[in-house]
Each structure stands twice: as C-alpha cells, then as structure tokens.
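Should a chain be cited, it is by its letter among A, B and C, assigned in written order, with residues numbered from 1 in that chain.
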Amino acid sequence: MRTNYPLNCWYVAALSDEVGEGLLARRLLDKHVVLYRRASGEVVALEDRCVHRAYPLSEGRLDGDRVVCGYHGFSYNPDGCLADVPSQENVPPGARVPAYPVVETAPFIWIWLGEPRAAALRPPPRVPWYLDGTGWTGSTEVLRVEANYLLLHEHYLDLTDVFVTRPEMVPPDIQQLPPLNEVEISERSVAYTRVTQPSRLAPWESAITGLPEETVAVRREEGTFVSPALHTQHYAIDVIDGKSYELLRIHGFTPESPGATHVFLQLARNYDSAEDSITEYLRIMFHEWAIRNATILETIQRRLDEPGGRRRDINVKADRAAIRARRIAMDMVDDETSRFN
Amino acid sequence: MRTNYPLNCWYVAALSDEVGEGLLARRLLDKHVVLYRRASGEVVALEDRCVHRAYPLSEGRLDGDRVVCGYHGFSYNPDGCLADVPSQENVPPGARVPAYPVVETAPFIWIWLGEPRAAALRPPPRVPWYLDGTGWTGSTEVLRVEANYLLLHEHYLDLTDVFVTRPEMVPPDIQQLPPLNEVEISERSVAYTRVTQPSRLAPWESAITGLPEETVAVRREEGTFVSPALHTQHYAIDVIDGKSYELLRIHGFTPESPGATHVFLQLARNYDSAEDSITEYLRIMFHEWAIRNATILETIQRRLDEPGGRRRDINVKADRAAIRARRIAMDMVDDETSRFN
Amino acid sequence: MRTNYPLNCWYVAALSDEVGEGLLARRLLDKHVVLYRRASGEVVALEDRCVHRAYPLSEGRLDGDRVVCGYHGFSYNPDGCLADVPSQENVPPGARVPAYPVVETAPFIWIWLGEPRAAALRPPPRVPWYLDGTGWTGSTEVLRVEANYLLLHEHYLDLTDVFVTRPEMVPPDIQQLPPLNEVEISERSVAYTRVTQPSRLAPWESAITGLPEETVAVRREEGTFVSPALHTQHYAIDVIDGKSYELLRIHGFTPESPGATHVFLQLARNYDSAEDSITEYLRIMFHEWAIRNATILETIQRRLDEPGGRRRDINVKADRAAIRARRIAMDMVDDETSRFN
C-alpha cells in the first residue's frame, strides 16, 4: 500500500501511563520504537534495533538511564549513542541508534519521527477546549485497528452512520441530522459544526446528566481534524433554559503501518467530575462504540486491500469534511515527497 | 495465479435452499456477490459493495425488496440502483451496483458474471438424464476446496485413482478399469464412457440396492464435462438378467478465486425414492469421498503454488478426457481475452 | 529473500533414527525430498513429487524397495525411474524423478542436492575429534528454526552472548571472555580457539563432572565452521593438576528455505559414558539453550524480513570468526552462480 501519512507531524506515541518502569515497544509510521523513562521521569524514544545484529532493544533491560540489549549486552545512552560493548574495551566510534524528539502533555506522549531539525519548528497540537486544571475529567483507552488512519479520520468526521450502527444513541425527536456547517480553520485543519433541533434526551444522555428523559435540549456538535494525528469531537447538550453539559472525545490516530492504526482515545466532560459512575458509563459506552466502528473499518480495509479493491467511491454531502481532511493529509504527503526525495 | 476460468459462462452461485430470508455473501470468480430473494421468491444477485465506502451490502439488512447498507444506510433496488441516501434528500444520479443475471433451476441457482448482453444468448446447461419429476431422488451438499477448479474437473474425469484412494469401492472381480471410450459431444464439452466386465457387487453396491453381494452385474459409467461450470457422472449397475440401478453425481464447480472452488454436489438415483436410508447411505459415502479428494487436490494446489511448482506433468492414457476438458476451458479463456481486451 | 546457501555441499538430511520403516518428507534447500530405506537398510532420497500430477510421494506407501504414489498408484524404483502405471500396461519411456546421492555416517544421513556429477568429488565432512568407537557418548535432537542458516552459524561462532542470555552458565571467576585466537584452517573453513583463565566450576560443570564447585579448572573452547552445513564446538574443562572433561556440540545446519533451517544437534562427551543421568542433564540443558537461541534468531529474522529491514550491521571484534564464515559461504554461492548459470 502506498504510504499516505506525513512524517513531519507530531503523533501520539503512547499514553503517559503506558510508559512505566520498563521498556515499551511500539511500531509507529512503520518504524520500530522503544519508549522508556529516565530516572528523572522524562520519556526517551529510540529506534528499537541494536546496531549490532538487529535484535530489538525492547527485548533487553534498563540499567539506570541506559538500555541494554538482550543479545550481546550492548548498551545505549538516552541520546541513542552506543555506550558499552561488553566483549571489548572500546566502543566503535559514532555507533548509535536514532533518538526521536518526544514531548509529554499528559495523557499523551507525542513523538516526532520526521526530519529531526523540523521538530522544533512546530509544537504538538493542542486540543481545543481541553486544558489541564479547568475541571475536565474522564478516561483514556488504547486500541489497535487494522485499517488505514484516514479511514478513521473519515469515519469520525461524518457521524451520520449512527442512525444505522447505533440508533439507540440518537435523541428520540431527531429523524435526520441537519447538514454540516463546515468551517475551514486553517490550511492544515478542518472543522464542522452542527446544531440540532430541540429534542428530548436519549437514554444515555439521561444517564450521564441525571436528568429525566423528558428534558428538552439542543446539541451542538463540533468535529475537528486538528492534524493528521488528531481528531477531536465536542458534543454539548444545552438544556433549554438550563445548564450545558459538554463532552469531549479526543482521538490520537497514529499509523502503525499503512494498514493499521493505533487509536489513543481520551474522553472528558466538564461537569460532575467527582462522579466515577458517570466516568465509567461513558468509558464503557464509547469503548463499545469504538469496537463496533473498528470492525466496520477493518472490513472495509480488507476489501480495499484485495486486487482491484481500490475503486473510486461515490461521495455525498455528509462527506464534505472527510474529503477535505483527506486532501489536507495527501497535500502534506506530496509536499514532503517533493521536498525530501 | 493466472486466471484460467471463462467469465462468459453460467456458474452455480448457490443451492436453492441456501438463499432464504436473509442475505448470502459469496465470492464467485473473484467478485463479491450478495444473494437474496425478493418477496416474490425471485433471486437477486448484486455486487456486494456499497458504492459509498466499499462496505459489504451483505453486512446490512433487507427492507422489503431493497438491501440497506449497514454503515450509512444507503439502500438499493433489486436492479442495483441506489434508491435512498438517508443523510440527504436526493440520490446521486446514476449511482448503482452491478446486478447479475440469475436463473434458478432447483436445486441450483445459476449466475452470469460475464458480459451482461451475452447472458441471454445461452441458457444455463441442463443435466443429462436428470429432469424434474421423472423419479430421481437424492441429496445435496456444498463444499469449499482450496484448489483450482480445473484440478477438480481433471480429478473427476479420471477415476482410476479409486484403486488407490478408495479400493473398498471397487467391485471385487475388477482388477483394472477398461480403457475410456472417449466421445466428444461438441466443441465445448467432452464425455467418456466405460463398460466394465461382469463382477459381483462391492459392499456399498449391495447396501444401496438391497441385493446380495453374489449378484453379478456390469457397470456403465459416463463422465461428462458439460461446461467449465458443470461435471456430471452417471453410474449404472446393470444386474445380469435383472434390473438397472442408476446413480447420478452432479458437480457444480464455481471458482471462488483462481486458488479455490465452491463445489455444489447433487446426488440422485432413479429407484427406491422413498427409502431415506439409501439417500443417507449415499450422502455419507460420497461426502467422505469428496473430503478425501479435496485433501489430495489441496495438497497438490499448495505444491503448484510454490515458486517453481508449476512444472510440466507427464500424462498417461487415462488422462485423455481431462486433457481435452482443460483445453476447452483454456480455449474459452483465450477467446474471451482476445475478444474483450 | 536471495538464496545464500551453496547447492554443491553435503548437508545433513536427517538423523539416522528418523528414517525407519516409512517415508520421511523433508524440505531441504527449498526442494521437497522423500527419504526411506531399502530392505537392505540403505537410505534412498527422491524428489517428493510424482511426475504425473505433482502429488507428494511421501503421501503414498512403500512396496518393497519401491515408492507407490498415493493418488493414482504410480510406482518408482530407488533410482527414481517410474516402474509402473496401474491404469495401463506400458510406462512412459524415460519418466523419472530425481534421485539424490546419500551417505549415512550415523547419527547423520548426508545428502547432495547440487550438481550430481560433483557429489563423488568430495565426501561429506568429518567431525574433528569425534570418531566412532573411541568412547564418545551422548544424545541427538532435531529442531526447526525460522531463521536463515547463516544467522545460526554466526550465533554459534560468537558465544559472548552467554553473559547476557545464560549468565548462570558462566564459570564464577570469569567476568569477560578472552579474545578469540582465530585460526583459518583452510579456504573453506574457519575455527577459533580460546583458553580462559582458571576459575571454579559453574553449577552445571559441577553437575556433569561430579566435582565440587570449588574445583579450579581452565576451559579450552574451539568453534569450527567446518562447512556451510556443519558447525562443531569443542569444550574441555581441564582441571588444574587433574583430569580433562571434553564435550562436543555438533550442529548440522541445513537450510529448509532461505528463511528456515533444520538444526541437527549431536551432543557428546568422552568420559563416564555409562552415566545416563549425565547424558540426560546435558540433553535438557542444551535443549533449553537451543530453544532460547532459536527464539532470539527468529525475532531477528522477522525484523530482517520487513521492508527496509536488511540494513548494514556494525561488527565488533568478537564477530571475526562469524564474518569470515559468512564470507566463505557467500564466495561458494557466487562461485556456483558464475559456474552454472
């Protein structure tokens, strides 16, 4: 499959709590990476391959801030430089594995796998609305989906499938979603908004707000393709003459390879932060939804991967944001290809 | 693997009783097909892929005579035309999936996956001897064999392997089969006949006729390559100065892909039609035989698929009908390639 | 993967006791071979593919010294000539399968799969030290490792990994192995020797000699790349002012394909030959070690097989023998390619 993700982009490598005391192996943009923390807590990301015989460093062990290969014991400093070869006194000069820039903004650990000098020019994207210490609370999850990352972006930028795949989630007085109000935020991102007509609450909305199902509210929905690495969805239940209940679903989409994607999911809400039962309700509901979506996208990916499977689709109006997002990603890829090759 | 099956040919898509109230997904000639019945009972065959995002229609549901995609709810008429897009009022003009001509002649549902205009020119093949309502009775079965369809044709056009693979089926006074009397019926089919010398009955022949094993009979065997889609075998036990017991084994061979074949097996006999125990005896016996043959052919296919595995075989006299059948099929393929490409 | 093993070389096809009364199928240098014994006990090796329809002869049966194909009953003499076709009186003239030269030197059965006329020019390699009837005793084992055969050679020609992978095997007073004394024996083989400083015994050395762990000894180690097919390792525990305990680990490495290797392991010692408990102790210890090594090499092979995985390694001093062995093997391959292609 042709690579369709840009390299010069910050991607989520892991959730903060995935990198603990040991070594975490993860394949990101078709590269093998090993992640660990120094004694100081700072995250290190190195190519997961000993320079000697290609054995994965993640099969070895940590010795202080160094990684020790599990085959012949070669050890590496956090900057990737080979520091010790046990069978001899000297170290071959200049021997090293690539070290990748990393920025931790909990709950995400961001990595830069592109041209090293370009990393400092752009910071990892920030999630709209969501800022630490402003009262948002929620849960996180990691999934691996055997589908290209753009299928995931496209899926989450057009939620009209919910009437078919999860009809029980649609508020009872809504028969059809109003059309998208697409807003291009910049040349590298795309967002849509949608405000629904007033409706009583769906059972899940009643459960997470504690309001009776007869309560009438409008919903404001905003989906954003922040970058090829990040999708956010903001969903506000605005009770008529009442309070506003806001939910955030933040998706880090990181290609493992052209055919598989790591999904780093963060759920958050801005109310009743002490109510663990609401956190748990949302966690289970969105987990089940994510699994259902993954199954659909994996089925589509298998079909696209068959000989002759990559035919032209027909698009409809609801696909406008998705099409724009794909174009942005492909432009970034073309841009890299012409600049670096 | 190079495609070695003609497209312009009626193939069996399913047994009649496989298409019931729901949607049946089947891969035929490397195409994904979804089969279902209209309320009237008529069978519909569509390409199993929504025009929107390539999701299989067979993962959706029926709504009257329409198929509704399980992703965004696009629905299709039995002629393949897109009839509804729930997220908007209009339907993109001209959007449709291919619909394939289908003819049901129980117990087989035939499909035409080639050039659409050519379908009407030729009807599906008719099975010699076997006509509805003339007293034949029996059973059916569907198997999937991971071998090219021509390996199956060749196997069933030369039954001399039975001395090695199923010696217990050979009548006790027969040490060697008489040579084939090959008869070319037309330029597109081939048949052989063989009449054995008189022999007492094999145990299975005794079981299915109710005659003692000392009974002496000759066997008339006729194997026919009716088309690339159909093989028939007629086996008559003619008791000396007695009755004739006739069996039919009808094989629909439909390539799923170049490396796998759907086998639609129909067994029939023209006597004791009310005796279910004979039906069951024959069903089990031929099922076990079909499984044994499938195992052999799958082993051969795996060897042929290895690099360098496709070497020239040595042929012997018993292969005459098989070689002729392969040549007919390859001529049909060449003919199509030169006409349509 | 490019083939990197010479064809004109004697390889181990099987252990003597693997070829008993039946047919043994084995893939060697990417060829399918069937092995069996004549009534006289002599081993026969034929291509494992009937000339008629490519069915493996190993799926058939023996009839005296002949192999009978399990499909249509074609039978072959030990020289590979087709001897009988049951469905006709004559045999197609000249029909045969390749027969391969075989030499049995227990516990190994050697095979020559290269240019037939060249087989007689060179005998199979002889194992240094090890000669029948000179008091060596031990055990044998067959393993299949999913790694290229050169990864195995290289692994066993540099044992400095033992400090990392099996530290409990290192004698307690040895912190670092002395450097290799490499000795090139001929243009087609390479050997290294190493003598350690005196040390007390490791627990396993104490167990297999019956000596207390306080006993002080030096170790003489010699590793030899005898040919691309054979690696030997000699390990002597020379007790200071005492006896010498010698161990041999003999590895037949036979490529099944470029990505997998049959390992024929023979362990031997030259003392206490009646002590079965020592034989068993060594068998289990080296079995576990071989499995651990196989796991490492299979991990490396999977990495090398990925797109872009075959990058240049950095070598260190301990790799000298391994690098030399690889060069010998590649020179033999290049030599064949230019001579025969």
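Here is the rule we go by: contacts are C-beta pairs under 8 Å (C-beta built on N, C-alpha and C of every residue); 3 or more make two chains touch, one makes a residue touch a chain.
Every value quoted in this text rests on a predicted model; they were computed, and no experiment measured them.
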> Line, ring, star, complete or other: which one describes how these chains touch?
Replying inline: complete
> If you fit chain A onto chain B using only Cα atoms, how far does it have to rotate, to the nearest 5°?
Replying inline: 120
> Approximately how many whole Å separate the CA-defined centres of chain A and chain C?
Replying inline: 48
> Residues of chain A touching 2+ other chains?
Replying inline: none
> Of all residues in chain A, which touch chain C in the complex?
Replying inline: 30, 32, 49, 51-56, 59, 68-73, 82, 85-88, 92, 95
> Which part of chain B faces chain C closely enough to touch in the complex?
Replying inline: 154, 158, 160-161, 163-165, 176-177, 179, 296, 299-300, 303-304, 307, 309, 311, 313-318
